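Multiple structures are listed underneath, in structure tokens.
Shared between the two complexes below is chain A, which pairs with chain B and chain C, respectively.
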Partner chain A sequence: MRVRLALLFIAVVLIWAAPSGGPRRLLAQTSIGADEIVGRVQQAFYAPGKDMKARVTMTLISAGGDKRLRDLTMLRRNGTGGEQQYFIYFHQPGDVRGMTFLVLKYPRRDDDRWLFMPALNLVRRLAARDSAQSFVGSDFTYEHVSGRDLESDRHTLRGEEQRRGKACYVVESQAQSAAEYSRKVAWIDKATWLPVEEEYYDVRGELFKVFTADEVRDIGGHPTIARRTMKNVKTGHRTEVVFADVAYDVGIEADVFSERYLREPPRRWIQ
Partner chain B sequence: MRSTTLLALAFGLTLAFPTAARAQATVHGFAQFNFTFRATGVECPLEMACDVMRGEERVQLKLELSAPDGRAGALVRLDLFHDAIRNDAAVDLREAYVDVGGRRIAARLGRQVVTWGLGDLVFINDVFPKDWGAFLTGAPIEYLKFGSDAAKVGAYSGSVGAEAVITPVFAPDRVPGPDRLFFFDPMSSLTDRVTRPPRTSFGDMQLAGRLYARVGRFEVAGYASKGFFGMPAGQPDREVPARLVFSYPRLNTYGGSLQGPLHAGVFSLEAGYYDSRDDETGRDPTVENSQTRWLAAYQFQPQEDLTLAFQYYGELMRQHDAYLRTLPPGLPARDELRQVVSLRVTQLRRHQTLRLNLFVMGSPTERDGYINPSVRYNVTDELWLETGANLFWGTEPYTFFGQFEKNSGVFLIARYEF
Partner chain C sequence: MLRRLPEWAVTWPKLTVALAVALTMAFAAWLPGMRTDTDPKNMLPVNSDVRVFNRQVEQWFGLHEDMIVVGIVRDGGLFDRAALEAVGRLTDRIVRLPGVVAADVTSVTTADNVVAEAGTLSVQPLLPAIPVTARDVEAFRRAVMDNPMVVDRLVSADGRATAIYVPLERGANGKEVADRIRTLVGEERGDLRFYVAGDPVARDTFGSEMFRQMALFAPMAGLLMLIALYAMFRNLALAFTIVGVAMMATVWSMGLLVAIGQPVHIMSSMMPVFLMAIATDSIHIFNEFYFRLREVTDRRRAVLDTIDTVGAPVRYTALATAAGFGVLVIGGIVPVRVFGLFTAFGTLVIRLMSFSFIPAVMMLVGEDRLRRASRHESMDAGASRSLAWLGRLSVSRPRAVVASGVVLLVVALVGLPKIRINNNMVRWFRPASEVRVADAVINERLGGSSLLYVVASGQGEDALKDPAALHYVEALQRDLDQEDVVGKTTSVVDLVKRVNRVMLDDRPEQERIPDSRAAIGQYLFLFGMAAKPATLNTLITGSAERANLWVQLKTWDAGVVEQVLNRSQAYQRAHPPPGLRFEPAGIAYFNLVWNREVLRDMIWTFLAALAVVLVILTVSFRSWRWGLVSFVPLGLTILLIYGALGYVGKDLDMPVSVLSALSLGMAVDFAIHFIRRYRQRLADDPDTGRALLWTVARPGKGIVRNAVLFSLAFAVMLFSSLTPYITVGAFIMAMMMLSAFFTLFYLPALIVLVARRDRTAEHHPARAR
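Then we have the complex of A and B:
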């Protein structure tokens, strides 16, 4: 009995002691720590609040300086079990004005997507397999806009360092399922759990895209990337994105994410 | 006179609404140039626009109004255009409607485009008016549909919806006219023709309904309609005819559709029954027999910005025996079963500013086909250019596509959006 008590005591002491000092660093080197970080990044980046409303302007800038504008209202609502719904209304340019776009996003499964074309009054369901699909022709993919499954990459914590003036974790993610990249390195701000910079490497191991968070604002207690840039360093094309009028927990009804509102955009939310 | 009134109405609304109700008002639109050239080099009848099938300049004004709380809104879409072939200008009120309602019940009242169903250039449960003349002469695809003067009432709950469209005055399809297009006319010698549209009585109101739901990742819908065939039926006035009387036979339709994910793509199934109320026995050769129509389609993306869409469509004529027995001698007989297959390839390039499209449609049963390649480039955010071709082919001059063979042509569109 006494021996058992003594063993139990030793065990308890060891468990208490383990997180402090040397063993902690060892733990941080394992993939579990990296997964935790990426999980928190996904929460901070793609899912803060119960819902979100934002006016998003994307400027597509070619290497030669030609500019194209994509001006849209984005509504997001978090469902149950990691499901999310996105509703997008296009304000500009003229040839897509009034178009609406609905994405139902599921964990570990392809999205369901619908597009509504007002001139034809036509709702079309879109085949949506390609995770590398460009979002409205920009340098951002659908996954950049709405997130990527944690399990789709193998994450490794590469260390900690200062980047753009922030104390950051450096996380490397190796693509395990279809992706635009084979490897991604992200600098994650320890204070906000938002990436301050990301580098994307192609199958040849060459850097081809760089993401930067250019301005972060606190909105309703949620740190939010208000300005961001994705640059294709191989082509020189880049996309600058501004999130304006961001609001969380505004009470967007689940009904909004339906065929009815694709055809008759919810004026209350898109004005 | 009519155009002046419409313009006054549009501008009156623009001025009156913002001050009266503090509604948000926006005005947008486009200026467009659209020419289509016949590429077949055929000799045309004197009255037909020959090498130039379409030539027009068009301005569209779109006025949108929205109540501050978002519970009501209105839209006016007005086209002003000049037809270079006829050298006349005209006004076309494309849409003008008011939206009212709340979360559960809503209504859209006025001229509106309604589109249902899953087909790509084939229509089963979409019984709303179509402008085949615009389509065949190379107008932008949105001009294939035009507005119904209707009331659409909907009831919604979550992902379930029920909608009824009531069209008090029947509007037939706009069919190809001999001033622009070649088409098969079995009684071309009869030039004295009159058209009798349905009466404007309550009994002749056109009704259409749709009940739809999203069940998991699948969408199901049921449809029903009561109205008229969009294409007229020509009836000789007597045994030795002197005049052809066109009317629109009664048509009821019933159908359903299903759409959902399959492997990496999306499948679509749709079917409908066309109940020809004025020819239930199939013995009237001038009126379409009842039909069953169906389609199966599959689309997927083999790579980024490339979409392939396959479609199979069939229509089966009921009482084909009766049709053959009563068909006047000398007229070509249609098959009991008509089948059509199509493939659409869409490729986006240059950050989705360049769109390459190829649509190929063919009927193995009628041995005819339609090919529509097109290229569209957004030069700037405001200006886009499109060029393409509508190519028709057939072994017989009376089949669905074959009759338009001499209308094969090349179109050009330039549109500036503001």
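Then we have the complex of A and C:
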């Protein structure tokens, strides 16, 4: 599948470069295009392995230093044609313990989301209209967690530079469809295809959020961001996330991602 | 030294003028470094309790200090495609304005709404996309009218008005943002009407208008005075001298103020007009000089004699004025202290000029012209004749005159308790002004533009997830809703009830608080998962230890805020809260405290100024009795003006309180002049009646001239677009005219009576002891 994606990108790059004449075509053929970089980032960031499980702790820290904890188990399984399924089980905060959340993600289409509320013993479907929606009240949006369609932005390669000690591509993405940002600048580690840092600019062109990958670990051959921070520089609020007990290709069954398991979470995967 | 100064100035007049000009230039050199502070909020320091707590609350709930409300009205109803498109377009453009907190602008196109659609729970903007068909529009109408969190806050109950709430970044200027919004609004075509209101608009418009109008009024006052002075003295050079002295004093004080690094606040911006008015006291020198010039042939002698006679009263009036302003320093309001200190300094500069610059100019002006002009000056003609008539009446029927004064006193005392202390910043603008109209429309149609927070704090984390706590908040909310001025209340309870209903198949009877703490916790979590974090955070903190009850008021009256808070306290006394504490915050609360603090400070300094003036009068006359007698015209004037305020029913608001404290030191001048000159005269002519008549006719003319000039300086304020300026202009004019009249009418009668008692006491020495 990776080969197919790469071929697709090369095709896209060629088609894009074709009308613009000799020298540029040469350039396009010899160096990497922005869309290809972003395609690789999406693969490395959101879809490594056939499946994944992780214990995720999010610490929400207000400008005044107040801390709130979100402790959850996240299961992910890659489907066919870019589809993905996420299953989330909340351990903390205490009053939502046992709450479960299912996301079925389709390329170029709104996600399906279901939520189980233990207090009411009720499963409800949630609409997912707003891509800028915060993920569990943190500074991350759903798109930060599960990715954003490649063609939702126009990507431009701005150059290459050292960032946080890594050789990086600098890619600028202009939002073409609804987003919480109007422009994003990302520094992509050439070695891992993971972002090292990202800057988000609002409608007025002002910086409002900064993402940093604070620790990257190799897990089963997949470079994985084990610690990351998203900081809202306008409000001073930030969210620190730790991915622990990460494992890839553990063989999570497809039927885990169903309403039945929302009510009775799969003990095997959730400790 | 001050005694030698006039002689020196008269001997070297050109050098004196050159020196004065040079010094003024030196002070003027500081002026380019001037910084201005147009924010009336800064009357309370940034670290005052209310501002610190407000900042704390803003941090807890991710709120913003200032918010502009844009009201949009369409008589045919807002549920119309073009109208909704316009609202959406305007929201998009406002979000892009500098100074606006883009993420938190709230309108129907951005506000989170919880709805259930075909079994799917959805948190989405109230109006995610502009409806195309009539059916879509109707669906939107139903969604809005069905949601109690939206009606009256975002859309009026009659569906004809909507609001865009525009929070401002810290330090942004409300007037500038409002002006930009007005520009955007001006580009809209169609049948919508737009209104831009809110505290920052009023406050910052007021602040910048104050500066603008002062820049206009100070020169106008100068020009008016110049014309009046020329009419009085028929000599342009002398007329220019008084105005010039005022300008020099302004440059000196402003220069010094800038030099020590203080910004020019709205208070200090009024300094030029005040100094202009204070400079009119020099008129007594000219008044006497013209009389002297007819009596003495040598001009140098005439100048020195004039200074000799008028010097003492001028010195004491300067002292009284300077002290009146100086007293402001004891208050707690920093900009008022700065204003007091530097106006006192300016007053002393004016006095210095009176003994140096003015005599020097008198020596330099062409003597022929002066003598020709002074020929009009006579005690038997014009104003002096009318004054003599007034004096005769007072001296011949002292008891009747004093009795009329007592009647006035009683009338004033009856009016005093009717005074209503209140402050409403929007009413600082004229009724037809854009700011006031916008505010009235929004308050009439929607929940209200004035925002009060009542912060509920529980004990420890998750306290506000307790159903009992939420039931209490709801009950308090319902109680506050009873108050007519409360247009809309919003709290986390509304949100929890809404989610409960939507979760339970959107059944209207489920619009209630669930019975279990876990359900409330999960609802809040769910909402936090689905909505913009800010929407939840403005109502409850992440720890759920505190919740914020939004109370929208339909008026900016400080008194109304107090009334609502009293009601909240009364409710809590009658129904003790379950482990909850309630504290007020927000801009409406700030205005209440601001008003209360400044008012208290002003009343206190006003009383202190009265005491200081009395002491100075006593010291000046070296007699308590003369001190008290000379206090009568000022005291009666003040009581009468405040009594009138009570009868008219005008609020004693902040500007009135500030400016009445300021004007004290100036209104006492007349009595000082009168009594000083009378006692000087008495040494030459021991007959009480004759000496009094002379005083009324000759220095009295100076007093009338002074009062007229002083009033003229403030008369320009009557044309202001800001009502406090109009009030202040009228207030100070009334004060000057009344105290001049009372000085000339009541003092002679009082002095006659006192003199009679003294004589009786001499006849019965035993009783006197």
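Observations, loosely collected:
By our rule, the second predicted complex is superposed on the first by the 240 of 271 C-alpha atoms of A that agree within 3 Å, B and C clash if a C-alpha of one lies under 4 Å from a C-alpha of the other, contacts with A are read in each partner's own complex, and residues count from 1 in each chain.
Criterion: a residue touches a chain if its C-beta (ideal position, glycine included) is under 8 Å from a C-beta of that chain, and two chains touch if they have at least 3 such contacts.
Keep in mind the model is a prediction, meaning the values are calculated, not measured.
Superposition model on chain A: chain B and chain C are shown in a clashing arrangement.
After overlaying the two complexes on the shared chain, residue contacts for A:191 are found with neither chain B nor chain C.
By the touch criterion defined above, A:64 lies against chain C but remains apart from chain B after alignment on the C-alpha atoms of chain A.
Of the two partner chains placed around the shared chain by superposition, neither chain B nor chain C is touched by A:167. In the superposition on chain A, A:244 makes contact with neither chain B nor chain C.
Of the two partner chains, chain B is the only one that A:255 touches; chain C does not reach it.
Contact with chain C, but none with chain B, is seen for A:202 once the two complexes are overlaid on the shared chain. In the superposition on chain A, A:121 makes contact with chain B only, while chain C stays out of contact range.
When both complexes are overlaid on chain A, the residue A:99 reaches chain C alone and has no touch with chain B. By the touch criterion defined above, A:137 lies against chain B and chain C together after alignment on the C-alpha atoms of chain A.
The superposed model shows chain C running into chain B at a single listed stretch; among 45-53, 117-125 or 279-287 it is 117-125.
Counting contacts as defined above, chain A residues 60, 62, 68, 93, 95, 117, 119-120, 122, 125-127, 129-130, 132-134, 136-138, 237 meet chain B in one complex and chain C in the other. The part of chain B that touches chain A in the complex is made up of residues 24, 28, 30, 66-67, 69-71, 73, 99, 103, 106, 108, 112-115, 141-142, 144-145, 154, 156, 158-159, 161, 212, 214, 217, 219, 259, 261, 264-266, 268, 299-301, 303-305, 307, 348, 351-353, 378, 380-382, 384, 415, 417-418.
Looking at the complex, you find that chain A touches chain C at residues 60, 62-64, 66, 68, 93, 95-96, 99, 101, 115, 117-120, 122, 124-127, 129-130, 132-139, 202-204, 208, 234-235, 237.
Contact residues on chain C toward chain A in their complex (touch as defined above): 59-60, 62, 95-98, 101-103, 117, 119-125, 128, 462, 465, 503-504, 514, 516-519, 521-522, 525-526, 528-533, 536, 541-543.
Per the touch definition, chain A reaches chain B in the complex via residues 60, 62, 68-69, 92-95, 97, 104, 110, 112, 117, 119-123, 125-130, 132-134, 136-138, 237, 253-255, 258-260, 264, 266-269, 271.
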